[in-house]
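Both complexes below contain chain A, partnered by chain B and then by chain C.
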Partner chain A sequence: MIQRLFQQREYAVALLLGLSVLGVALINPAFVSGENLGSILFNVVPFVIMACGLTFVILLGEIDISVGSLYGLCAVTMGIVASPERMGQPVIFAVAAALGLGALVGFINGALVVWGRVPSIITTLGMLTALHGVMVMIMGGDTIKNLPPGLRFLGTGHILGIPVPLLITALVLIFCAVLATQTPLGRRIYAAGSNPHAATLAGLSVNGLKLFAFTFTGFLTALAALVSVPVLDVIENSVGQGYELKVVTAVVVGGAALKGGRGTIIGSLLAALLLGMIGTALIFLKLGDAVTYWERAIQGGFILLAVLADHLARRGEHS
Partner chain B sequence: MNNENILGSKPKVDYKKFLRHETALLFLLAALLIYANITDPEFLKPSAQISLLDNLWQLALLAVPMTLIILTGGIDLSVGSIMALSAVVLGLTFEKGISPFIGVVLAVLCGLAAGTLNGWFVARVRVHPLLVTLATLAAFKGIAEGVSQARPISGFPDNFRHIFGGITAPLCFFIAAIAAIYFLDRKPGGVWLRAIGFNETGARFSALPVDRLKLQLYALSGLAASIAAILYVARRNTAKADIGTGIELDAITAVVLGGTSIFGGRGHVWGTILGLLLIHETREFVSWHWSRDELNFVVLGSLLILSVLLHRLLGEEK
Partner chain C sequence: MTPLVQIENLTKTFGGVQALRGVSFDILPGEIHALVGENGAGKSTLIKCLGGAHAPTNGRILVEGKPLLPGVPASEAAGIGVIHQESTAFGDLGAEDNIFVGREPRRAGGLLINRAQMRNETRALLSQLGENFDTRQPVGELSVARRQMVGFARALLQKSKLLVLDEPTASLSQRECQALFTTLRKLQSEGVALLYVSHRLDEIFALADRVTVFRDGAHVATKNIKEVDKAELIRLMVGRDVTEEYQSRAGSGEPVLQVNNLHGGGFHNINFQVRAGEIVGLAGLVGAGRSEVARAIFGVDDYQIGTVKIGGENLPKNNVRVAAERGVALVPEDRQHQGLVLPMSVGENISLAVLKNLSNAAGRDRAKEKALIQKLMADLAVKAAGPNIAAQSLSGGNQQKLVLGKWLATEPKLLILDEPTRGVDVGARAEVYRLIRELASGGLATLVISSDLPEVLALCDRILVMREGEISGELLRAAATPEKILELALPAK
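The block that comes next holds the complex of A and B.
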């Protein structure tokens, strides 16, 4: 029973998530207040959206670590186009510019991997470095202030009583989950990831699927920036830095295999929630200020635990 | 490379294939230096070059074991965090009033232990090294931040700074590089590394000590990271949990730029040294000439992609 549990990573992560929430709630009931859970959800919005795209990339056996810098570049582009102090264009242009840029960079990543035959880790590592440089050059050490109300709406507005970022995240999740499990495209991605050679022989265009996955990830990265950056009025120089590791971590803890072919949207979502609540949970455990510095150590520990659990489950399989 | 060479008793390296890539690197380096000489002759003065070299040694030291790890098809993303952890160990022992030389021993042990943990997960638990070291990248950095509360520790004694500053840094690098080159070219283990990178299953069936070699390599990488941390602390007189952040990406860039295949099996320390030189000169010249550090990110990122792209499109058949 326990082995069955660990073999399906989603259940293990869900269990860990439930136990963590329960544990913290027992010590400090305020943790499960609607307000606090809401703020945790708001914090994980960008990671969940990016993780949805990255899940498809990892399903195909590739990786994209450029998302952190791309997120920052899209945020800055959006801010510069829309901010009245810079270009002061209508918000719709800012949104289009950011989404277009995201999809374009994603496509370039995919093209380099597919046609240039550059390994994806190298391509996106180079992109991560280069895009960060471009962003810093554009920003020039300044911050972008006074985002127009139309743009702020994406971060702070409500539609039908639901905050816009959460609504968009939910739509992205549903779209991606349906795409992965209910459509021919999704099945092809799983097939191509499990065995690229067999997929090619079966007439699938593995290259086309990879191009799609990278472009889609770039697009979603821009979308993540659109709904999570305007929550604040200011865009800082360091926006998005280090996000790539958090997103990759979420997808992998959620059960996706780096070799491809295995992983689910729901697993990535659960893992992103689990990793995203650690920081808040530490504060609510009231262990003092000192403990907040341990957040990353606990995140890393969770990954190693997940990995060990996998190992033990596999060993059970053999015996 | 012939298959016979992989398992044959006489290790032999096919230099021809690397030479092509390394010649290209040399041309690039020469072009850069000629351009630098025309536009800004001050940059090439020996005094300027020697003082700029100070920025290189820690990165260079990390790139040597990284080359060997990537040759086996692995990767180590945690070296920057191991640097932070070792520096914090060194700083905290010093702060407790214990001699920094005991701190150095503890820091080295700490780096060795951290590297061994990586190696254990990769070799014994058989988890993808990218995943293991991604986890320990966060974990080690987190531990360093946690135990030091992310505050800087400075004021190290002069004798410590004299011994581990200055000439010790290049010395450590040269010893590491020569040992690695000797190992790769003259020891059977050097061929085994490549065999693992080419075909790990094949290497296992050939009764090569795959797990032991991997474990040792990751431990070695941790050891190098801790030494790099000590050198850094001695030079800057500060130990803080944020040192080494992002250095793993620089080290990987140097290795891959030097022609080592990220999938393993192909590459050499010589290439890495050229890659390091190219990165170093490019970075310092861009900072020197345009005084814009952020331009460096763009140049180095593009350089990494372009070098592999050209290598793939022009260099390889199939």
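The block that comes next holds the complex of A and C.
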């Protein structure tokens, strides 16, 4: 049973998530109010969307830690193109520019890893730093204000009574889960991550799959910025900073093996929810002013626990 | 009968090393065709050419008269399935995903995979192979034999006309082997041809219709299995008779090693000497104290009383550094782990033990190092594309030579070899023997620890037999027989 819990990480994370919600609710019932749960969901939107993309990258045994800076740069690009105080272009252009930039940067990451043979941790660490530099250059100490209503709609609007960010997130989740489990492309990503050598012998293009995963992650990072940044009317110059750690944590805690071949979209989603809930839960537990420091320590603890659980689950298996 | 596969003048070179030298032979439909050869004979390269993983440098492969196009998918389409020696399974995925990777059945207009069809077909294929297990269980959790069956199922699925098996029994139990043979015969009766690569000659005589022998990348012979016997097959593989006669060599020189009245952990009252140019064998059962004596001489372990002299001078106890300085070298048994740094280059491995001598005020003396590496590689006839390729890419026999080379670079006076050919195939073994003899002829005193009686008899001028920590007897080669050695080695009743 315990073995099964380690092996099927989704169950372990779901269990932990359920117990935490229950525990905090017992201490402070206001935690499970519709308003609070809704705000938690809104807060995790960008992490869930980015984690969906990153799951495919990690399934292939690679990693992308540039998503934090890319998220910020896509947000700023979108704001500059759309804001009447800047370029004042139609919203559709802003959306296209952000999505195009995200996919392009993702593709460059993939190309450097695949053709440049630079380890992905180095490639994307470089990209993280470089993109942050570009953002500082563009923004200086400034902020972008007065986002046009069309753009605000992505963050605050409703379609069929459902908030747009939650709707998009749900669609991304369904799309990615189907992609991972029900399509040839998804199954090949699992295969290539599990045994790249054998995948090559089976006629798969491991490089092609990696290019796809990085490009897709870049695209989803831009999409995450599109539906979560316009929730507010202002784009700060520090937007997206540190997000990469939360996203990587979600995917790893959700059960994806850094060696590749293992991991699920549902696991990444559950772990993102768990991590997103911790910050709020700490406030509701009324532990005092130091809670924000605790949040990061707990996140880190989860990563270590996840890696340890992975190690335990793999022990005793053949090769 | 028209051949299923014709291999015509196939050549493959890797950076100057010819792995295949224009081999030609054919495979008939529905036959079991064995392929034998020592490590490094070119079998694996041929398999990779057939499977499409390597493109031949020259020559061609015809399948049913049509030239085989490059690439793995083309080979599969032509009906060639390869069950590789190393695991090519996707350990994290279930059997059904493993079998269908790259050719998934589709539904929903080709967008989605048809999992129900995958599962049903996988079950049908496995039951055809006499297997029945959960097709969703990650194959990394299955036994080796079952993983192999997944490989077969994959090959069956693509309707292979030729199945290539690379050492399929290497990690199977006796019972699993029998089950495998039953499966193979069944496949054969269904018209599938098999190219069966194995070192186990008994299997080949039990299974194969014909056998092809490779040596040094060249095709030596293709014969009906009924026309050959084991001895002839071995002779074809190594190119000479393996039961090499001991070659009596010129008389020996001054004593290099003198061991007097040595007592220590696991041995007592040890007295012997090894003269320059002499090869002395230390025979006996495992646990008789042979390795312990060697370790005491080299200074790895302490001993209680007695003396060890090198060139007439006392060697201090338990001091490897001084032993090495005075010219003692010990080649350990587990070469791949203790003897070589596999990811490092051939050249770096050779110079590793003598970097100190290769240094000058400015650091490493590259010219001197290069000269040393070139000389040793030539002396030892190491088959490698060059000094810069990784040691792990060499065949077992060549790695073996490299270990010797590493210690020879220290210019030892006494060379102690612990099980020098364990895990080395027959042909490379003969090469290693030739090398040891040559070194001895050049004046090196050699002490060989070996549990392999034919080895001791083929190599040594004099044989010391140890039993329960003592030297129970000494035999000159001319008087030694396997029976006499064994008699001295077995515990007295």
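The working rule: the second predicted complex is superposed on the first by the 304 of 319 C-alpha atoms of A that agree within 3 Å, B and C clash if a C-alpha of one lies under 4 Å from a C-alpha of the other, contacts with A are read in each partner's own complex, and residues count from 1 in each chain.
Methods note: contacts are C-beta pairs under 8 Å (C-beta built on N, C-alpha and C of every residue); 3 or more make two chains touch, one makes a residue touch a chain.
For clarity, every value in this text was computed on a predicted model and none was experimentally measured.
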{"item": "Chain B versus chain C as contact partner of A:Ala198, first or second or both or neither", "value": "second"}
{"item": "Which superposed partner A:His132 touches (first chain B, second chain C, both, neither)", "value": "first"}
{"item": "Partner chain in contact with A:Ile298 - chain B first, chain C second, else both or neither", "value": "first"}
{"item": "Residue contacts with chain A in the superposition, chain B compared against chain C", "value": "B"}
{"item": "Touching partner for A:Arg187 - first (chain B), second (chain C), both, neither", "value": "second"}
{"item": "First (chain B), second (chain C), both or neither touched by A:Val178", "value": "second"}
{"item": "Contacts of A:Gly261 with chain B and chain C, given as first, second, both or neither", "value": "second"}
{"item": "Interface residues, chain C side, partner chain A - complex", "value": "51, 53, 71-73, 76, 82, 84, 86-93, 97-98, 100-102, 104, 106, 111-113, 115, 140-144, 147"}
{"item": "Footprint of chain C on chain A - complex, ascending", "value": "178, 182-184, 187-188, 190-191, 193-195, 197-204, 257, 261-262, 317-319"}
{"item": "For the chain B and chain A complex, residues of the former touching the latter", "value": "75, 121, 125-128, 130-132, 134-143, 145-146, 149-150, 249, 252-253, 256, 262-263, 292, 294-305, 308-309, 312-313"}
{"item": "Interface residues, chain A side, partner chain B - complex", "value": "63, 112, 116-119, 121-123, 125-134, 136-137, 245, 248-249, 252, 258-259, 290-291, 293-301, 303-304, 307-308, 310-311"}
